[in-house]
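Sending over a structure as structure tokens; questions will come in a sec.
We just call them A, B, C and D in the order they show up, numbering each chain from 1.
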């Protein structure tokens, strides 16, 4: 799924000059990667929670708060700003994780509530105003072009994905994450420290979302107290395209990477070909419709039945 | 309510916490300047109405176990536009068109969820994109401004209360009766409680889900109609933050997001509670941010309390 | 050596286990028996760190241990096969074998892990299974074998198996027993929990019997017979039903199943059945017996074939239509596919008969209460519990509520039950058998699938044996059948 | 309003083959939709190619702006969503030598010299609103009066400029007092809710006038007031707003809305198109132009009915 969707989008990207009439340039790739940098960390944050069978809606809240904190505290030292954002994200994530793990509450309503509360907190901190980040050196630095197509921001995002891929692929954490997503009770009985894992998971997702928010607000030189639901929904779309299922138990960081790249490229295609903005929405809708069809048991059964009725004559029994 | 009573063992803790909360609220409210006025009570009810109507519909969907819809705002917008652009055919026709639009769009999603077991979150995100994108496409972003204003009557007040408040009460009663007194309502609880079991027992899972979503669609459409009347024109962003506001009201009302438990009356209570608290904070001069923050904490408290009550004795 | 001393645990003030003590020597295979709810699993959970005892002591080797978590129990050398299948289908076989094992390294060493899993699988005689294979591609029985293999390979000092063979065929059970004996021979202690008493006597050195949370006795198996064991478990002579099997030639056929197929599971199945008789499908897991029932109930979306009930064709892929035509189905998984656990007993009993007390879609509460009361009485449930959530009932009573849902309805013509008494003790089993017999006498076709020989012989008027997705033999009511015959059909198939 | 039809400007033939990137407000916003429509219409006959790179998301806007920059158009027409976020991209455009025309809202002062601009006069819009209120209250013969204000998103310069103008004029009439100012986020639904609560908070004799920053924010105030039993218009609540939509004009005609002001998308779109033609044909227009805004009240409403009827 992630490989297929990435391939389709890359092919479409390569074909976009047919519509736009201008050949592709390295800058097109750079800009797509900038889009990826904006989307990647929230997508990874929500993606890992989805692998573990949870759904962290609060990432947009942490994302907004992270941006606001970075801008408020990172004027003289950008590292300090990132640190403040990340610390807050981790603390919020840990608190949520503890609540979810210890009381065994479904994460969706809890994180929805946290999202609303964090939005309010960010609003209260900023007085509802966008906050300016006056350190323009940092702003220019994070988005400077490296090797034609990268920027420090997109490289950092890529690095985080690679670290996640190594950690989840090469240690037993990856296995345990998918296990608790696949069957929570069985994992518990098998001896997986489920509670600790869930708390750690939400801590990491809070951290990643806050880091994403901080980087973004450095890049924009301002922090927006209310980013709306759009970042969350796009992150979820990226995760779903990345082969993660809302039912849990499925997905890898590299799949998530492919999903986030797909979404970023898609937005870039729309920008290159100067299609109207609502086309993006319709494209996302179409992609999600495909995911709905692939994921929904009823539709799959319908397909099975169709196949069964065609393969009816020669009886197979595995 | 039900012929077969459900054991009503209310623990001391389960009672003390909400009572304490209520006491604090009453204390705060009572000492807030102008809170205890008829005008303010009216304002609270009026501001509850729009979100409340949608939240009542969302309650049925949540009880029937198909979670939440993330396409609510977009649907409300579309119905509002249909309502305004059919004003010249008379109020009844316009409302009918709007409601049918809402029911059709939402019940269709319900059908995909009910018959094909699609994931509601993914599906409604897709539906939200599709409806929002198509609305922008067809309207070209131009607001709908009707020449004829049949809707004025919907903005009027009866006995000092806006018509929308009466509609909210009507919808609540209807939802309550549906849930507790009809076969479909009972089946919503059963399907929400254990969908696999309901399917194996031969209960009409698909049909029940569609009924719940259709009801929801009608409620969204009514909200759309009132939003349109109130603003006298409709733009693509008319739906605003309706999606999350409705979910928040349902959750504060104590309906379980996993399905099988909850009630329309509780949702009404949840919606009013949110409105009261926002109102108290506003009157006391707290900023929008603090109001939103408190709303979030309230939702969190409700979710935790409901969960603890539901799992008491099972853990 | 494992010593359990005065172990006690209560739930909400109701004792589940009170003062249980026994000892398992090194290399000993120790049986743990008792009827449903006797407290076996509670003891097991306390030994494996899933529950903390209210009081009592556990000694492993020479030192008393505090087992606060599964990890702590593993560190103390306790391995577990849980009563419920505890593997994760989303992972591979190998990943499952390493999952949660505290001895598994933090950093994956793929090659070493693969070799380890390969060796363990080979030891269990599972040469055909690849560690890199997704677990979901295995049958339920094979998945259970993986879980057992994993526990036995953990080099533990105590391996606890809670009903490990409930889903296994006899051949598979035999290889598990061999493996258990091998592990015991290395000096490891084994606790073996099972309802299959003959199995317990064959495998174990001694047996501890629990009743109502108390220990009744620990006896060497050499001194025991199945009947003696049952007396220990129940405290009174077992309740026996007269096995009156009835001939069915003289009746008109009510249910006709022909050419029923489910790709990959059921090859070809045809059966004609009469009203008033009980039909037993005898087959191990994967034999297709359970698939016949599911297909007729409309729960197999890929099923093909024709089903007629009282001369009306029943569509085979639509559970709602099947129910409308008078088919009632009881799954073998009453928790996830049967009951509405958090709803009341009353609601559960009346869930499928809302039309009986609704007028034009509007419910009539008074009539509902009358009907619910009558049903509770008919299914042997205490009336005062009608308002309780069904989850608060004991397993046996839950199953009664489940069966009760289909009784006394004049719109049900065929009752299909998959393992009607799974996890139910002997007393509860007899009561449920009686309910089914009465249903048949009232004119229903009753068709059930089971793996238990006793149940098949006791309840079935006509017994159909199945294997590999097809019928092996059909034994009508006037033919003599015995367990050996059935077992031969079920395991070896058509000669 | 300046402008004629841009396509009739001379030298339009020399614009063939030129490209404009329109990094404007997305069409999901009514103002943006009409602006884009008029702007595009005005320029079609000149043969210039317009790339639609509009959006309502500030992040996407930065990305689309950078994208536009890479395609090296002859002009980027920009309607800013997030003032700060646009600073660095504008600097980049300057460095790359791609001219930028900012329309509607101003850029951050630090880059104001790097762009050309056709701006709405937001301060004046705020002043007009204040004038409407003072005029209305005086006409009722009131010695004192309390005012509530529902603003657009406070973080936007547009909002801040309007409040600057509003407060400046209100300071000249200290007998009238602003008692509450809330951020309603350019959201009609939120405006309605907040209005209901504020009206209840201050009571029937506690509020005499209200300012909703756009027509679609003022109309919900009127509805809320009606439902709360406030008299509206002549002897009642004086409600004003500051950018006109058709619904607002209707309300002025009906005597419910005391007044509004222009900043209608059509006028600014025409002026921007005109500016674009002048720039691309080498006519060197002034670096910054301001759209002349007009105050609209019952007295002159008919004059603006057509101009304001498109959004």
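Observations on the model:
Simple rule for what comes next: contacts are C-beta pairs under 8 Å (C-beta built on N, C-alpha and C of every residue); 3 or more make two chains touch, one makes a residue touch a chain.
In UniProt terms the chains read A, B = ABC transporter permease; C = Sugar ABC transporter ATP-binding protein.
Since this is a predicted model, take the numbers as computed values, not measurements.
Both chain A (ABC transporter permease) and chain C are touched by B. In this assembly, the chain whose C-alpha centre lies farthest from chain A (ABC transporter permease) is C.
One simple way to say how far apart two chains are is to compare their mean CA positions; for chain A (ABC transporter permease) and chain B (ABC transporter permease) this gives 29 Å.
If you average the CA atoms of chain B (ABC transporter permease) and of chain D, the two centres end up 34 Å from each other.
For the pair chain A (ABC transporter permease) and chain D, the distance between mean C-alpha positions equals 35 Å. Spacing of chain B (ABC transporter permease) relative to chain C, judged by their CA centroids, is 43 angstrom.
The multi-chain contact residues of chain D, meaning those touching 2 or more other chains, are 26-28, 183. Residues of chain A (ABC transporter permease) found to touch two or more other chains are 126-128, 225, 276-278, 302.
Across the assembly, chain B (ABC transporter permease) contributes 132, 136, 288 as residues in contact with two or more other chains. You'll find the chains touch as A-B, A-C, A-D, B-C, B-D. In the complex of the two chains, the chain B (ABC transporter permease) residues touching chain D come out as 34, 37, 39-40, 42-44, 46-47, 50, 132, 136, 140-143, 145, 155-157, 160, 162, 227, 229-233, 235-242, 278-279, 282-283, 288. Considering their complex, residues 22, 25, 27-28, 31, 34-35, 38, 126-130, 132-133, 136, 139-140, 143, 216, 219-222, 224-226, 230, 267-268, 271-272, 274-278 of chain A (ABC transporter permease) touch chain D.
Partner chain B (ABC transporter permease) is touched in their complex by these residues of chain A (ABC transporter permease): 55, 99, 103-106, 108-110, 112-128, 225, 229, 233, 236-237, 240, 246-247, 276-282, 284-285, 288-289, 291-292, 295-299, 302. Residues 12, 297-299, 319-320, 322-324, 327-329, 331, 336-347, 350-352, 354-355, 358, 361-363, 365-369, 372, 386-389, 391-392, 405 of chain C are the ones that touch chain B (ABC transporter permease) when the two sit in their complex.
Those residues of chain B (ABC transporter permease) lying in contact with chain C across their complex are 2-7, 180-184, 186-187, 189-190, 193-194, 196-207, 260-261, 310, 313-314.
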